[in-house]
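Shown below is the structure under consideration.
Chain naming follows the written order as A, B, C and D, and within any one chain the residues start at number 1.
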Amino acid sequence: MHSNIRELELVVKEIADEMAQRADRGEVASYIPELACIDSGHFGIVVIDADGLIAAAGDCDVPFSIQSISKVFTLTLALGKVGNRLWRHVGREPSGSPFNSIVQLERERGVPRNPFINAGAIAVTDQILSGHQPKEALGEILRFMQFLAGDDSIMIDEKVAASEQRTGFRNVALTNYMKSFGVIENPVDFTLGVYFHHCAISMSCRQLAMAGRFLAHSGINPSTGHTVVQAERARRINALMLTCGHYDGSGEFAYRVGLPGKSGVGGGILAVAPGKASIAVWAPGLDANGNSHLGRIALEALTKRMGWSIFGA
Amino acid sequence: MHSNIRELELVVKEIADEMAQRADRGEVASYIPELACIDSGHFGIVVIDADGLIAAAGDCDVPFSIQSISKVFTLTLALGKVGNRLWRHVGREPSGSPFNSIVQLERERGVPRNPFINAGAIAVTDQILSGHQPKEALGEILRFMQFLAGDDSIMIDEKVAASEQRTGFRNVALTNYMKSFGVIENPVDFTLGVYFHHCAISMSCRQLAMAGRFLAHSGINPSTGHTVVQAERARRINALMLTCGHYDGSGEFAYRVGLPGKSGVGGGILAVAPGKASIAVWAPGLDANGNSHLGRIALEALTKRMGWSIFGA
Amino acid sequence: MHSNIRELELVVKEIADEMAQRADRGEVASYIPELACIDSGHFGIVVIDADGLIAAAGDCDVPFSIQSISKVFTLTLALGKVGNRLWRHVGREPSGSPFNSIVQLERERGVPRNPFINAGAIAVTDQILSGHQPKEALGEILRFMQFLAGDDSIMIDEKVAASEQRTGFRNVALTNYMKSFGVIENPVDFTLGVYFHHCAISMSCRQLAMAGRFLAHSGINPSTGHTVVQAERARRINALMLTCGHYDGSGEFAYRVGLPGKSGVGGGILAVAPGKASIAVWAPGLDANGNSHLGRIALEALTKRMGWSIFGA
Amino acid sequence: MHSNIRELELVVKEIADEMAQRADRGEVASYIPELACIDSGHFGIVVIDADGLIAAAGDCDVPFSIQSISKVFTLTLALGKVGNRLWRHVGREPSGSPFNSIVQLERERGVPRNPFINAGAIAVTDQILSGHQPKEALGEILRFMQFLAGDDSIMIDEKVAASEQRTGFRNVALTNYMKSFGVIENPVDFTLGVYFHHCAISMSCRQLAMAGRFLAHSGINPSTGHTVVQAERARRINALMLTCGHYDGSGEFAYRVGLPGKSGVGGGILAVAPGKASIAVWAPGLDANGNSHLGRIALEALTKRMGWSIFGA
């Protein structure tokens, strides 16, 4: 069942080489000014197998803005705090709309479709906040990330957070809209302050792949032996990543890659091969759906060569 | 990797007993008159493991109308005939809408979101038909089903087909709408005639589980050794079932059951545990999304007890 | 209160001259093959004042396909037959959508927003048909037009009707969709047959302006002294023309022209200056909303110069 | 052409009596706390004819919150300041949606459909503000109202403004949403501050009818002889009131009343009979579309008895 680490290292190296040579690199996200200046030439990949062996290549230790990938971890944290009551504030279905659509909210009385579209992730953040000060909630989220990755050096990039806060009118709109239906419980600026900041966490592929290990291994982080969540919860978070993790490109990601994964507009993707590996890739150029263009291609190559698709050998 | 057949038989028996006793049985589909009179007391389940061993319980040999489950097989057939050109006529993303919604078609110029909503399945049927007479196309579909199940006795229930044809105004609307955008190539009544008839195929759980084996085993039917499709295609069909197989309840099915599956309003569900088993359940009562209520609950129990979720142990 | 006919003749002549010289003529409707070949150089205008005096210019006696203008007359006829029961099948609000949108029907359970979008006019036609043979209903509509215009030579252009019937997939979609909600009572092909044929009525500006006189004069046709409808009903039909008569350009028409009016994709517009005049213009080129481009401009000039806007001097 | 003032006084008195006796009074708006406590028993009406003669009855001198009626006056003011450039920020078509819908904004890239839905009125307010301090803009609006009504005692009800500001999350959402598309130019809280305050202006029917006179008389206030706007602009504002002045009940209002009018959730309606009269009614109970229930019924009776419909005698 365990992969041969030599084979894996070879595959990872090959993929990094192939990605370095490709001319089609997608477009770097422009709507957050601080992200717009990232060089689309970057590519990094880290795979950690069930034994904790690490195959890494490219810019695997360069920190990048994890953006929406943080939503996987805030979802995990919120479920730990409020349990299934969370589902009163957010659904579990793919949205069939772009990541920042407000149309669906009108049709469904302010309850966002899933925790991975912006509105849903904001509602999840609101549940983590529940009555506390933004600073405390944010500290809790950051410490959770550090704990999962086993690395206290993980930080929030304040420039990115400020940049997003200045221009995030659509997220302000979404949050006020949900607030008008009673879905958001804290003051809008508190909730959004925490949201913008946790999206601005900076991590490298290595840190991210480490933080995702509990999802690949029944809720347990094999590096530390800590139970992060029960096995059933890990499976369910994986299911949500599969159906909703790539906005309106989720079907395509499942079809091509065949792994649960969550992308961010910073160009990162965290993917999970249950029982086999935790994977992080980074390539800043995005496709039309806002997902890392080369990241997806690299993951497709990886699952194919390793036979890791959850949909069959 | 192979399940212990004794354990599996025990689990299947237990589940059938539990389902028999439940009072909450959902509502039998009423919009097709011929289906409205089915007794919601039925429950059947068949699981066929990798070795071809069969665990069955309840009404496992009673034929029922497979309805939308046929869409998995017409998709397979159409991909075999036209290959990736099929994707010019239908997308691969969850719809975020009920199974018979027409709104999405207007937004996306007549191209349905995926092959499992009604509009998408009609577009797929249209590609199978491509220029032939309806009778020939229908014969081809039926023979494909018989071949996959290894059972020549599988038939179309003409009463159900006629019933649907008389009342299927919404499907006529969807098809004409796609035709107005050039997505449908054959005469509307030809395409719909074939569609209504293949939805009216009658099969038992045993026949259905047999027909689905190639999806669980890398495109090969282990009973016969025939390669039905390449392994990659089998994986991709499974991915589509996971993200889109239960209409606007697909996220929920993935979250709770954790297997690729396709439901029909006749109350059947075909589910696939890649590498492990092909599964068919039947319970005629439906939930609010039009999926078998007890069927889903039974599959949730099965994957949990057998540890078969694709999202982790 | 009555206009000086000399002044009116002068204004009409001037406008026809101006329109003849304009280079911007819009695009002739292409979706009905038989209409696509009409020369966009045509322009005709007829104004009939309260005393029955006629000012005419340009191609005022050339018959053209009245298309959606027929909806004003079928609405009048249907209200005469079923009275306010008609409003169970169609609403009275502007649609906020293009003329052939199906989205609104899904949101409002198959009841079209008003009698002038396609779906609404089809529902109105269905009420005229109510149980009769298509031929009879069509005969009734045609005789009503001939009676109103005082001209038995008005005919249906069978080529246009056949052309529309062959390509009108979207209307077939709309009608089946309404049928699925029970809004349509007759067989779809009966209702659509009548609809396509009454849209294919051919009339000249002179005939059309004559037929519209009852709307300008409290329900009475001053040419004949016949009461066509009660005064209140004439006012209400005018109100519907004002708010809904130009699809998603109705607000613009009210803003610029300031008269109740109904356009057709054949390039005609019937407009009503209550108490003052019945007006018909024809210019085949259309604007982006499917309304006659020069027709609207001519009417704007006419109301301005004559001081006929219903919104003030 | 001028009404007999005796007849008018009689009609107005009769209508007020009839309204006082009706049991069906609609529901007082509950979403703004300060408005929720108004007694639905109130009814006031004032009609000012072309000669300046006044027919009044009921609570005609009780000030009420004019709410959305203020949008007519801010539109007038904004057109005076920025002219037709205003139409880059707002459209002129009926919306086909409730007054606070956000769906349309997504479809049309942040440009609201017309100046009378909330989003549109906020965009208009933003143009009045253009770079100034909220206090100055608000002062300008208030002075304009006082000037039109010839009454310096007109005030803003600060309690209502504060109440709305505290609970108006949906308007905050709409404004931020438009801001994300660049449609809003000033800081969101500046624009909304002015918007909430001008909606909170308190006026009696007498003051409101006086302020609306310029719309009935070609842009000139006959009381003072001042030209407020050119005649064409007055006609166009009337046209917008007719097509868009009652949200998703605009078609119904045109159909039944036959006058340009603008309603507010405070229960007031300003209506204009071009060339004949300026009319204000007040009855706090609303219908399902958020328009004054008895206000509409009273206006329907008035136009019918006076023969004032713009759609014919």
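Just so it is clear, a residue touches a chain if its C-beta (ideal position, glycine included) is under 8 Å from a C-beta of that chain, and two chains touch if they have at least 3 such contacts.
What you see is a predicted model; the values in this text were computed from it and never measured.
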Query: If you take the chains that touch subunit A and keep only those that also touch subunit D, what is left?
result: none
- prompt: Same or different for subunit A and subunit B, where same means more than half of the interface numbers show up on both copies?
  reply: same
Query: By CA centroid distance, what chain is farthest from subunit A?
result: C
- line: Expressed in whole Å, how far the mean CA point of subunit B lies from that of subunit C is 48
Query: Which whole number of Å gives the spacing of the CA centres of subunit A and subunit B?
result: 32
Message: Could you work out how far the Cα centre of subunit A sits from that of subunit C, in whole Å?
response: 56
- line: Residues of subunit B that touch at least two other chains are none
Query: What part of subunit A is in contact with subunit D in the complex they form?
result: 101-103, 105-107, 169-170, 172-177, 179-180, 188
Field: Touch list for subunit A against partner subunit B, complex
entry: 91-97, 104, 113-114, 215-218, 231-232, 234-236, 238-240, 242-244, 248-252, 254-255, 258, 260, 274-275, 304, 309-313
